[in-house]
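Labels run A, B and C following the written order; every chain starts at residue 1.
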Amino acid sequence: MKESMIWEGPYGKMILSDNDISDLISELRHLVFAEFFDHVIHEPEKRLSSIESKVEKMIENALTFGANGDNDKDKKTAKDLAKEFTGQIPVIKELLESDVKAAYDGDSAAKSYQEIIIAYPGLFAICVHRFSHLLYELGVPILPRVMSEYAHSKTGIDIHPGATIGRSFFIDHGTGVVIGETTEIGDNVQVYQGVTLGALSPRQGQRLAGRKRHPTVESDVTIYANATVLGGDTVIREGSVIPGNATIYKTLKGECKVEGCSSKHICMVK
Amino acid sequence: MKESMIWEGPYGKMILSDNDISDLISELRHLVFAEFFDHVIHEPEKRLSSIESKVEKMIENALTFGANGDNDKDKKTAKDLAKEFTGQIPVIKELLESDVKAAYDGDSAAKSYQEIIIAYPGLFAICVHRFSHLLYELGVPILPRVMSEYAHSKTGIDIHPGATIGRSFFIDHGTGVVIGETTEIGDNVQVYQGVTLGALSPRQGQRLAGRKRHPTVESDVTIYANATVLGGDTVIREGSVIPGNATIYKTLKGECKVEGCSSKHICMVK
Amino acid sequence: MKESMIWEGPYGKMILSDNDISDLISELRHLVFAEFFDHVIHEPEKRLSSIESKVEKMIENALTFGANGDNDKDKKTAKDLAKEFTGQIPVIKELLESDVKAAYDGDSAAKSYQEIIIAYPGLFAICVHRFSHLLYELGVPILPRVMSEYAHSKTGIDIHPGATIGRSFFIDHGTGVVIGETTEIGDNVQVYQGVTLGALSPRQGQRLAGRKRHPTVESDVTIYANATVLGGDTVIREGSVIPGNATIYKTLKGECKVEGCSSKHICMVK
């Protein structure tokens, strides 16, 4: 989405340019995945401080939009926030390594870890998400959303920066996936194209802002293509397999009662 | 989609370049949304006449493809058509303001009008549509379709330039949305990702060209994720809420009879 | 997807750049579609040998990832493989002409062949696929997948390079379409947005690599929006029409038994 670019013309001041976003993501990706390609990062401290100063400038711009969340966080400067951001990169690197391995283990068509890093849209989306979620948690306004929308435009995968996602997460194909702001996802979850983890709030809009509106998905769950799971009280229990095109509005118990489920083989709801 | 770019190489004449399209859309977006950012457009007349001359050149190129629609319109020059186009910009501006507000009111996760303009793919798509629909109505060939396909490639939202859409329209997330050429949509409608408003015409192709083949959606309707609504005789009545993953081929009356609807809460068909 | 770009920075060696991919696809598109625009290719031999040397360099880079498939093919040089590639271009050109015509005949909204070539994402995706499939068949690693992911990012249509697809193939709208590695598709098939031809292999991942895991779709089949067809033993019989949002896990016989099918009109399973 080159939307942000519109502010770069002769009549508009620049806020966040699309090029800044894509450059930052490219640098972060190289930093966290270099080892998979036997690349050695020379002078890693220098790399990190270069990233930190770029992020600082972007946060500075973003803060002109006002804070995103509670007010205590306002008091931190762009410099502080950028420092916290880069401090967390090793944690994100380790999580992303678990995601690369989950994709390889989960997809029979995968030929190598390198192929997954270079050509899998799901990995691109979760990579951008893990960084944008960190900025969201730090209370940075608008920048996390612009980053996640950048990934959405490239991949068709729309993960709100607010969503919390565990280790070893794998989205295959991914076009049409939507994961809402207050979604919580456990470890080792697989999600296929067209899956919505969304809100069940017809026409209530801003009245529900801040509340948990999106599902909880426990660990080891598989959700097949085009399933729609809605509502803040809905919990998909550990180990469940949700069939393709299912529509789910409440927590499932016991045997499979998922509408559209025609096969035991792919519908085991514990 | 850089498809149009192929004609720019040393062996092909230029028709419509992708850069022309993206520049035009950026300029139009800035013009209509500047007030939301407290930007003042200096010398607005000059801006408009600059846009008008760009549009004129693009229409001139497009007219080499022959007219799109009836023959009377052929007689207008590119200059006339570009003038009519810019004359309608204030009307479109007002409609788009209603769309920005509808998105803010409709999405609990929205933080500000500015965020919606910068980062919501649904707003980007309806913005491009309102301009491409105007060119379609003026009988300009191919250019409207190239514009709408540009938005489709960026957002995953495919709105045919022929579709007529009322005020305060909100598409959330949007990946996979398809709205066909003869669709009619009322005011204050909300549509979620993966929704198809399509044709029910297996293998009849060109025999049905020109006929109404796509649904009518009345005002205040909400259509949830991945619902498929097909056919030129299908009418979704005012105030209806269509559940996720529903498939609808005819006009619904009385109580909910939508296949896949498992909850009164989100399926009220009036 | 600019993922591949990350390796171009000062700290990474270049492998496959996004620009190389988009340039190659643009050149190939111009070569095969020029006649539809009454363009004459001057010195076609020179064009072909220019393409051949570009492809050779890309294959050379790709071969550093190791071979994709059996070992005999390893022994061919990048030069040999590039020669075989360009030798097949006339065959692909003829197939793509059948695809353009199928799109025109299949879509009531299509105004001309030229419009389809310039602005239809489905044609873009099948065009890239026919070339990437050829490279896949030649045993070239990673490059075919990067090409198909380039098309996926632009169009939302994800066709694995391994899929085999007959003549006169038409994908309309296309966002969310997924066609898996071992899918086999006959002639004159129409597929709409959101259709998955996928694997039915929860959590078996690499254990199933190399086996037929995706459906067979016979000739003259139409598959409507958001239908999900899964499994390597599943065959959609000649002439079938699969309704929107259907979920299919096994071969269908006799009368329609497709879940979600509410109308004879669009559900004829032979």
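Heads up, the rule we're going with is that a residue touches a chain if its C-beta (ideal position, glycine included) is under 8 Å from a C-beta of that chain, and two chains touch if they have at least 3 such contacts.
It should be emphasised that the depicted structure is a prediction, and the values quoted were computed from it without experimental measurement.
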**Fill in**
The C-alpha superposition of subunit B onto subunit C, two copies of one sequence, needs a rotation in degrees (nearest 5) of 120
**Message:** Regarding the subunit A and subunit C pair, does the interface count as same (over half of residue numbers shared) or different (under half shared)?
**Reply:** different
**Asked** So, what's the distance in Å between the C-alpha centres of subunit C and subunit A?
**Response** 28
**For subunit A, residues that touch 2 or more chains besides their own** = 156, 175-176, 194, 226, 245, 260
**Request:** Would you mind writing out the residues of subunit C in touch with subunit B in their complex?
**Result:** 22, 26-27, 29-30, 33-34, 37, 39, 41-42, 47, 104-112, 114-115, 117-121, 124, 154-156, 173, 175-176, 190, 192-194, 222, 224-226, 241, 243-245, 260, 262-263, 265-266
**Request:** Quick one: which bits of subunit B touch subunit C in the complex? Just the residue numbers, please.
**Result:** 1-7, 9, 11-13, 15-16, 65-66, 68, 141-142, 145-146, 149, 152-153, 156, 158, 160, 162, 175-178, 180-181, 194, 196, 198-211, 213, 226, 228, 230, 245-247, 249, 259-260
